[in-house]
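Letters are used for the chains, namely A, B, C and D, taken in the order the chains are written, and counting of residues starts over at 1 for each.
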Amino acid sequence: MNRTFKASVVENKKLINNHYLITLNPAVKIRKPKPGNFFMVAVDTGLDPLLKRPFSVHRWIDGNFQLLYRVVGKGTKILSEKKPGNVLDILGPLGKGFPAPKKNRQVILVAGGLGVAPVFSMAENIKNRAPLLFYGTKTKKSLLLIDEFRSLGIDPTVSTDDGSFGTKGNIINVLKRYLTRNSLPVTRYVLYACGPEVMLHALSHLATEYKLKGYIAMEQNMACGIGTCLGCVVKTRKGHKRVCKEGPVFPIEEIVWD
Amino acid sequence: MPKKKNIDLKVQIGKLKLKNPVMTASGTFGYGDEYAEFVDLNTLGAIVVKGLSLKPKQGNPPPRIVETPSGMLNAIGLQNIGINSFIKKKMPFLRECKTRVIANFFGDTIDEYVKAAEKLSSVNGIDALEMNISCPNKQSGWIIFGTDPKVTYKVISAVRNSTNLPLIVKLSPNVTDISHMARVAEDAGADALSLINTLSGMAVDIQTRKPKLANITGGLSGPAIKPVAIRMVWECSKKVNIPIIGMGGIISSDDAIEFLIAGASAVAIGTANFIHPGITAEIIKGIRNYMSSKGISSVKEISGSIKC
Amino acid sequence: MPKKKNIDLKVQIGKLKLKNPVMTASGTFGYGDEYAEFVDLNTLGAIVVKGLSLKPKQGNPPPRIVETPSGMLNAIGLQNIGINSFIKKKMPFLRECKTRVIANFFGDTIDEYVKAAEKLSSVNGIDALEMNISCPNKQSGWIIFGTDPKVTYKVISAVRNSTNLPLIVKLSPNVTDISHMARVAEDAGADALSLINTLSGMAVDIQTRKPKLANITGGLSGPAIKPVAIRMVWECSKKVNIPIIGMGGIISSDDAIEFLIAGASAVAIGTANFIHPGITAEIIKGIRNYMSSKGISSVKEISGSIKC
Amino acid sequence: MNRTFKASVVENKKLINNHYLITLNPAVKIRKPKPGNFFMVAVDTGLDPLLKRPFSVHRWIDGNFQLLYRVVGKGTKILSEKKPGNVLDILGPLGKGFPAPKKNRQVILVAGGLGVAPVFSMAENIKNRAPLLFYGTKTKKSLLLIDEFRSLGIDPTVSTDDGSFGTKGNIINVLKRYLTRNSLPVTRYVLYACGPEVMLHALSHLATEYKLKGYIAMEQNMACGIGTCLGCVVKTRKGHKRVCKEGPVFPIEEIVWD
């Protein structure tokens, strides 16, 4: 199955300020993406913007897929203006997704901001494993998918920077407190996280401190999405690795932070 | 105009015979294998691999790329697996492809260039060498090899004397008079020229006031630079007798044909591979259609056919 | 961050004081009058007029412009009404504008440069001169004045000795080492530098196989060249002590701020005027908003504030 | 009244192969354009295509205006994909339109191909002057507006290159034959023409030969549309003149042909 295809917009819905959920219908049958996989999306037909934009798969529903995105620059702005019927050029699914958790592990999902998009996809996949979810955002208004998580049987532990919902403060501290209060041996936990760099960085400190294992999804500017431009590398203990190819999901201990 | 049936796409770059004039630009096609899923590699005129050095290179820290209007800046920093690993891990696959394999390479010193050329020349399955002289020269304060005519001449002749393979020299466009550099390369023994490499550029994040690339500056590629590239191909083709491989912003067969008309004998597709991984095959098809609709039987008739 | 109330947009280019750092780029704003309908000219930092020569010039035959990806090529050929008509027909209007008027000029010979500078210097209402050295030099086989350091030095010092007005030198970007040319201009007595002028480029019509411009080559401007321009401003600002007016592809206040951070003291808006005739005023507003939101009181604090 | 404005697409209708009629509704009140005036239209919001595209005003209907255009390159392709509700950035009306014909003159309208767009606008304006219309196209299928002309009381004299409608051959020859068969003194005629360069060139030969006066609308690549880039000049007997400012309509004898 070719990974270059066209997909038409089924729906492009504003969820909250600047956040959109787009549903795409591929013109051909495509591979089913795994949680943590991503698609490169050409938001327009001209030569500006030039490059495709990477977005994590959020949901896969009967051959259609959904992306959850935030308007941050010109590409996402243009994407937000797309209407049902518009057709987009897409490449994917790409990258290495989240590996399945080993048996007997207590899965801890950690989402920061829009990192919730792929984390939800993972949650859906392993809902029968009763994962825990730690989810932090700036403020109550930017919380997404709470009902959807609940309908998977997951009750999110939430924190907001301004305290407008859940605990006030950052979610890694909330997770830390949870771990200190809990008696399970750390080897029983496994982390699956996606969020802003500062959150992942803090999580990696926590993981080192508590000797936790787990996986994080990284972001980096991308040109090709298929491993050839070498543009998207991150520093790892084994040298530069490509987010689009060896990632976006990496074992948490592998990443070297500046 | 009658539609032509017999379309001859064959071109010759020095001693090197290609089944068609469409190659890949170094650094934009990896070592070929990643693209096998998107394009039948056997249909390509040649695969030019990511720039190689004697030793593996880690390249620059990220961020390494940033988009610009109709273009992109890259500062990969010539990350590569090194010639030895290339030979061991990538050549077996490339040898099986029914296309030409061109090894792009570079060094920090003239000696490194020579050693790299010698090593690559002994490898079964490498059809030609492309030397990238847009790299800083350790011996002269990290000034680019390709911007000082004397150094340029020296490094090219040294490499010339160390290989019997067709030698393509890839010029740096960041010079006052590209046609002068082209003549220098020809005099030094180049069999063909590749142009252009990326334009030196930069972008700054106005929120953080930091350069958007960790390396501060980077190379500008993509459609934005096409007018500069076309002009340089045209200027050089008037001044040298060796064939030119044109590149810089080609995104369609129309662009490729524009380069051929301006004076190129073949073209290389770079940044466009990132956007449409199957673009090379489409460009070959497009050139064929153009020739057919215009009643042109050999692609050689297009090269340099500009009417000024 | 607290929103600032007192925003100081004033900048100084040599002796020349501007109310804000936003100027128009020569050749893209006519003589100002055509834009009065779209933007309050009194709000501009300065108006730089279309390049002037001693005698009127017819310029090149059409076609003179062609669009390219995120850019355009022009080969106007410096068509202008000549200094005399300019003084008689355009200065009365410009004198009434509450902004600085900068006369851009050029010549075919050093003598013409000097005469033009002398003539313009005596005109009431002209606040500074901008000399365009990206023009062919009749005396040395029509090679561009701005690409040979010796000629560059000679023509600038000659002009320097013939005017007391602030002298801005507009460099040609089509050189190997722009910072070297910047130093040459500074040594020759320039009070400020404008960069960049257009990149030399070309486009070919694949149907007719003719160049798309009657003049064959032309100057590339617009967003496509911004990364090259930013890089050159940054490189030069590290090497000279005179202020730099940055230009090349500015289409928004973000772009303008990027130039300031990279090292420019002021900016000029060119091609963008063609697309949004009211853009200059919007850019001034945007710079003000940026400063307000970041708590920056003087625009001078932004210039050269890049963190590398 | 500012000449930069936004207009929303009311309708964008394919008339025949590659030919479209777009109806635009300005967001603000704009100056009423004259026949021969044109608008510069930004077909998209990105930086590629960069420049606005010039189009003659075709009709003005109660504050809305129509453009008749053909898809020839990337800008017009994008324009043809616009849907009702899409908003475009526009500059205009621009340029010098067709001057009103002097009294007692027999107006001869000459249209070649899509030159019919502004010629129709002129015809509508002076329909009470009983103008003659000579209209040439490639083939019957590319004939436009025949019914509309008839409803203005004008019966077009048509030629097609392939003879599929009207006389076979070029329209200037048809006009020439008409003139030779007619007894009106040439000073009684006045030409108003728009069409491909080769047609206008032939018409200017005819005008010289028959000492006919008249006006032709020229085209040239444009950047600004307001006279400042000096990009759009044509050669005239009085030097280079700007199509966007001194034109697009010029006295026929003024143009110098290569």
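Simple rule for what comes next: a residue touches a chain if its C-beta (ideal position, glycine included) is under 8 Å from a C-beta of that chain, and two chains touch if they have at least 3 such contacts.
Note that the structure is a prediction, hence the values are computed from the model and not measured.
Chemist: Where are there more C-beta contacts: C-D or B-D?
Modeler: More C-beta contacts join the chains of C-D.
Chemist: Nearest whole angstrom, what separates the Cα centre of subunit B from the Cα centre of subunit C?
Modeler: 34
Chemist: Calculate how many whole Å lie between the centre of subunit A and the centre of subunit D, each centre taken as the average of the chain's C-alpha atoms.
Modeler: 54
Chemist: Please work out the Cα centroid separation of subunit C and subunit D, and write it as a whole number of Å.
Modeler: From the centre of subunit C to the centre of subunit D is 36 Å.
Chemist: Centroid of subunit B to centroid of subunit D, CA atoms only: how many Å?
Modeler: 46
Chemist: Scan subunit A for residues touching two or more other chains and write them down.
Modeler: Those would be 47-49.
Chemist: What residues in subunit C touch two or more of the other chains?
Modeler: Counting only residues that touch two or more other chains, subunit C contributes 69-71, 222-223.
Chemist: Please classify the inter-chain touch graph. Allowed labels: line, ring, star, complete, other.
Modeler: Topology of the interface graph: complete, with all chain pairs in contact.
Chemist: Can you list the residues on subunit A that touch subunit C in the complex?
Modeler: 47-48
Chemist: Can you tell me which positions in subunit C touch subunit B when the two form their complex?
Modeler: Going through subunit C, the ones touching subunit B are 68-71, 73, 147, 174-177, 199-204, 206, 208-211, 216-217, 220, 222-228, 230-231, 234, 249, 254, 257-258, 261-262, 290, 305-308.
Chemist: Report the residues of subunit B in contact with subunit A in the complex, numbered from low to high.
Modeler: Answer in residue numbers: 27-30, 34-35, 37-38, 50, 58-59, 61-67, 69-72, 74, 76, 79, 222-223, 251, 271, 273-278.
Chemist: Help me check something: in the complex, which residues belonging to subunit D touch subunit A?
Modeler: The contact residues of subunit D facing subunit A are 44-49, 74, 78, 83.
Chemist: In the complex, go through subunit D and note every residue touching subunit C.
Modeler: 2-4, 42, 47-52, 89, 91, 220-235, 239-240
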